[in-house]
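Order as written gives the chain letters A, B, C, D and E; numbering starts at 1 within each chain.
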Amino acid sequence: MTPSPLVEARNVRKHFGAHHVLKGIDLEVRRGEVMCLLGPSGSGKSTFLRCINHLEKVDGGRIYVDGELIGYEEHASRKGRAREMKPKQIAAQRRSIGMVFQRFNLFPHLTALGNITEAPIGVAHHSRADARSRGMELLRRVGLTDHAGAYPAHLSGGQQQRVAIARALAMEPKLMLFDEPTSALDPELVGDVLSVMRDLARSGMTMIVVTHEIGFAREVADQVVFMDDGIVVESGAPSRVIDDPRHERTRAFLDSVL
Amino acid sequence: ADGSATDGGKAATAPVAADAAVAKLLPARFKNGINVASGVYAPMEMLDSQQKFTGFDYDLGQALGAKLGVPFTFTNQAFDSIIPSLQSGKHQIIMYGMNDTPARQKSLYFVDYFHAGMDIVVKKGNPEKIHSVLDLCGKSVTVAKATTQADLMRAQAPSCKAAGKKPITVVELPTEGDSLVAVRAGKGAADVLDAAVAEYTARTAGNGTQFEVVHDAAHPTGYAPVFTGIGVLRKDHDLALALQAALTSVIKDGTYGKILTKYGLSSYGVTAAKINAG
Amino acid sequence: MTATDMTVKPTAGTHDVAAAPRSHPGRWIAAAALVALCAGWVLSLWSNQNIDHATIADFLFDGRILQGVLLTVGLTACSMLLATAIAVALAVMRLSANPVLRVVSWGYTWFFRGTPLLVQIVFWGYLGLLYEQISLGIPFTSIHFFSANTNTIVTPFVAGLLALGMNEAAYASEIVRAGLLSVDHGQVEAAHSLGMSPAYTLRRIIVPQAMRVIIPPMGNETISMLKNTALLQLIAVPELYTRASWISAQNLSQVELLIVASAWYLVLTSVLSVPQYYLERRYGRGAGRSMPTTPWQQARHTATRIRTRVAQVAHTNPRNARTEADS
Amino acid sequence: MTATDMTVKPTAGTHDVAAAPRSHPGRWIAAAALVALCAGWVLSLWSNQNIDHATIADFLFDGRILQGVLLTVGLTACSMLLATAIAVALAVMRLSANPVLRVVSWGYTWFFRGTPLLVQIVFWGYLGLLYEQISLGIPFTSIHFFSANTNTIVTPFVAGLLALGMNEAAYASEIVRAGLLSVDHGQVEAAHSLGMSPAYTLRRIIVPQAMRVIIPPMGNETISMLKNTALLQLIAVPELYTRASWISAQNLSQVELLIVASAWYLVLTSVLSVPQYYLERRYGRGAGRSMPTTPWQQARHTATRIRTRVAQVAHTNPRNARTEADS
Amino acid sequence: MTPSPLVEARNVRKHFGAHHVLKGIDLEVRRGEVMCLLGPSGSGKSTFLRCINHLEKVDGGRIYVDGELIGYEEHASRKGRAREMKPKQIAAQRRSIGMVFQRFNLFPHLTALGNITEAPIGVAHHSRADARSRGMELLRRVGLTDHAGAYPAHLSGGQQQRVAIARALAMEPKLMLFDEPTSALDPELVGDVLSVMRDLARSGMTMIVVTHEIGFAREVADQVVFMDDGIVVESGAPSRVIDDPRHERTRAFLDSVL
């Protein structure tokens, strides 16, 4: 496909105290690709995702998004060592990476539309009118035109998650990260969110999705990565990894989820 | 100061002649005028209905100012911070009916201008039947803190013992006003205060219906007379001397006597201006 | 059991119950007793022969007292503004990753909460005692941009403002800190993931949410401040209480003037609680499932309920009453 | 990409980065400047010729001052106990379904927060001015169980306690109310579903959880109370500040005695913050993922970090440093 | 089976303001029976469950548990009207009805064992030693012996929910109510909780379970009730309701969940 990958992780390591959560992750995500990350609880999926937009600082290794090193500046004098960026620079990098959290994390003091327009107005300095019209367009895309003025507390979980997706899209990111976007939802509400994600994938957005929805992964993913205990156990096309897992651990995990 | 109680530059009772010899003594750093820390302690210092100062101290201050050739500006100052207000340069002298005592002479020079004792004030009708100091034995007596009355009352303990009674319980309160309220509330059998103030209070409070002064035949001018003086910081010894000269001058030319008479305080005057006589 | 009919059943006979809330006769007796007690107390105060009503009436709207009220309000407003600004800075410093800032913030709070306000007032009021000149310049050189006599810059009003504001800031910072901590960390992460800078996140995301927790104790503090201005008596700032005490020192009507001052403080406190109420409502927006009702809405609601109750009692037939409750 | 090897990769060459946290030279300069500033300020205070050090030393441990300190501590402890008891009752009443109780609680808070503490102190102190006798009996009849002179029952200490305690209760009740509201309603439901009575639920489930939110502002209030006892000088309760002002009224060493009093208040405040810290820790138990560390643990942790940093710098070869960070 | 049902609901009605949530529910649960309540979001399942232990007050109709009218006293003078009980009496009734909430609602300031023993000691006045030994026995039953001293914040969702079940069982209830006990859990953790519930059902406990786990309902339930819009649409054996629904609404709902 395109020559350079959008996301490139090289030997990413991360520990909390004595607990090594990521033990050297190597990954590539091509432009327009949807990657699904699977793995048991505690395997480090969320931590890896959070490293991609520097919500967690890596302890070693590098992550590039669109060719840019995330969170660090090369240190000219000392090869191999890099220094953390200034908060301003980090914020600038994060603008092109959208993230959707498991627990939605909508801003409760803003309406649905307010949630969507806050960053475009305050961070990207779009005009209020532009931001609002684009916000309404996004709400239409996630099927919530009627709820523009509702506060998050008055929306169902599924509706909240759809607003959260629209909020991330409003900054026109190159890459979307989803951390178990449906696992806090009642089963009936999962469908709506998955269908919005399906549309997004079809529109060519590059996405990394941590999920337990194997059906969704099989249908939408270009690449499935199975992680366990801080390392990538196996990766490949969904048909390969899900239907014909080579590793014992992958097999055991898929049995428990299906 | 912020439209607070100050004198309005109103002239004293009678025009007072300046005294060049006295004015020459005033150190140059006070030529812009003198700020006087004062308060309300009728009839020594009072406020009229326009919040302007009047009273014996005020009139005397104006007379001294005339002699020294500088204005004396009176302002209200809480007693608790009166020394810092001098040290910080907000005020230069104190005229607050302040008694001259050896303990206080460690901090201040006193230019003494008044000599009076203390009187006992009780509720109207004298319900506790108090006729002399010894009648106070075993009872509570309220006084304003910062006064010498507290010491006087404590000093009665041996006499009380000799009379077979318990000593006096002294209740010290922040101001004279609090002390009088305490008597009205029955927290104290009597209030002991400067004779001049006692008389004025009994005459005016509630139009004379609230208090009365106990007249002890043995002490017509009150108990244990003490001097009252103008307080000056010890570093300003030269100012004290200038004030002493000015006071001598107003005593000599009769202004002092007139002011005493105006407030009915003739029996408490001094004959010569002395420093730290107490 | 098999499939039940889908239509809503009409009110069934024997198995039905119309729920009657517990009646509480005790409540009404207690309420009556309470009203009687309060009335009795106010009356006994009012009819006390030691209180001179004419004096109270005279001074309640006396020009001096009114000036004092204005100054009290002004001082309270200015000091609370100053305090809030410093407090937010202190709280942010306390929660920052920078150890120097944390220590500074902690030290400020320790010192200003630790020493009496009275002493701080005396310190500011008599700054001239320590420093005769205030100058702005480069330390250890002889360059001075600006220099003036302390007592001319630090007037009693300014001293009072500084003393009250800086003292209050120490207390308020603890309140603000607790408020900031009450906001879920997920909010910060969401804001960061959208590319918001730390400062923007604080201003637009964290503070508005923290307000809900901050407002009630800050209401407490504002009311305290209203009364603490009375301590400025020490440096002769002529606010309400100081004026009242000057007047009472003169005419010896201490009790009456205390009543006058109290009446004004009560009025000011009551007035303050109105903006507090609406601020709480504003920042409570989106926090719960429904908006808290305004007193006006509550009154209307209560009226409706009482009317319904009366109507129910009017229908002596219980079956009617039930239908009413259902509708 | 195909299945990756499952063994942990050794540190790779070119693609590696050893994360170096940003260094903050500004911090250390700021810290140094700050220490210098504070030291300068303390020194300038200390060397001021208006302050007589001998007097301060004399009175710091003067018997009268020490007695005052004891009384201050006693009064603060007793009034805070009284205040807390009333405050819990008021907060529960305010949140109850019973409108009479709600109104009573609201009225109490309104009145006691609305009038100045000074006035309340005067009221209790001079109760005898209003009521010469206190009697317990049936109103509107001549039956009296008990009757006594007001001034013998309401001693200055009792008056001070009542005034401070009842005033503080009004403020504290708002804090307790906010604390109770902060506990998730699901907790009440869970408790009720286990058959716990409302009172038991409050005592064992709600209050322990509310404590986390209640303690910091109550710390504020306790510290305020410590200083508010100074207002009791109006009714001649000889606590610390009153004693200091009596002494200074006699010898006119007002600045020195203010410094003495401040020093004691600072000591008492600092001492108070220790139980507060441990109470916060105790009630924070189970609230977060991990216990907050004690200052002692923090000190040890910092020491370890500095040692590691030093060790890293010692290894000039960056490859070594990296290995260190990994281990 | 046994002659009288353990739970009997007769024409139960409940409204919030103008919104009628329960429009006349009639149900019977026999002793030892497991009843699963299904239905779309907002159909009133939770509200009905909460009425059974009087967490919500019914506006009309009656609920009997073991022959006792819940929450109300018969009013001798006025037939057909009943007055609410005193709080003490309500608390006594609730002791024999255990409830497990969707969001666990463990007491965060108490350890797992403390959560379990609080009510037996404080409400049922068991001795501390008895309560603790019984608490440990219950922890063993839900497979958490090792976590007796852990605070809820340190337990995973599935572990928390199992403690919640043990807590309810500690009062030795006649009836257990479960309100979507697994829907706040990550899919991997659901299994543990369901297996504890399965054991409980096998041991003969009477249970009413609101759930979206159709598989569980099919396997464990004696009776399945489908509710919609405040009424019971259909009820019967799981094989009948789930595999052969008669009503259009039931069919549509099952399609969306499966």
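Points to keep in mind about this one:
Everything that follows uses one rule, which is that a residue touches a chain if its C-beta (ideal position, glycine included) is under 8 Å from a C-beta of that chain, and two chains touch if they have at least 3 such contacts.
Source: prediction; values computed, not measured.
Touching chain B and chain C together: D.
Chain centres computed from CA atoms place B at the largest separation from chain E. The leading chain pair by number of C-beta pairs in contact is C-D. Rounded to whole angstrom, the centroid-to-centroid distance between chain A and chain B, based on C-alpha atoms, equals 82 Å. With centres set at the average Cα position, the gap from chain A to chain C is 43 Å. For this pair, chain C with chain D, the centres built from the Cα atoms lie 19 Å apart.
Multi-chain contact residues, meaning those touching two or more other chains, do not occur anywhere in chain E.
Annotation for chain C: residues touching 2 or more other chains are 50, 122, 129-130, 254-255.
Annotation for chain B: residues 80-81, 84, 87, 178, 181, 184 touch two or more other chains.
Chain C contributes residues 50, 52, 64, 67, 71, 122, 125-130, 132, 150-151, 155-157, 233-238, 245-250, 252, 254-255 to its touches with chain B in the complex. Residues 79-84, 87, 101, 103-104, 106-108, 142, 145-147, 171-174, 178, 181-182, 184-187 of chain B are the ones touching chain D in the complex.
Across the interface of their complex, chain C is touched by residues 53, 55, 87-88, 91-95, 97-99, 101, 103, 105-111, 118-119, 122-124, 151-154, 164, 167-168, 171 of chain A. Residue ranges of chain E in contact with chain A, taken from their complex: 40-41, 156, 180, 183-184, 186-189, 191, 212, 256-257. Here chain C touches chain D in the complex through residues 24, 27-28, 30-31, 34, 38, 40, 44-45, 48, 50, 98-100, 103-104, 107, 110-111, 113-119, 122, 129-131, 171, 174-175, 177-178, 182, 213, 216-217, 219-220, 223-224, 227, 230, 241, 254-255, 258, 261-262, 265-266, 269-270, 273, going by the rule given at the top.
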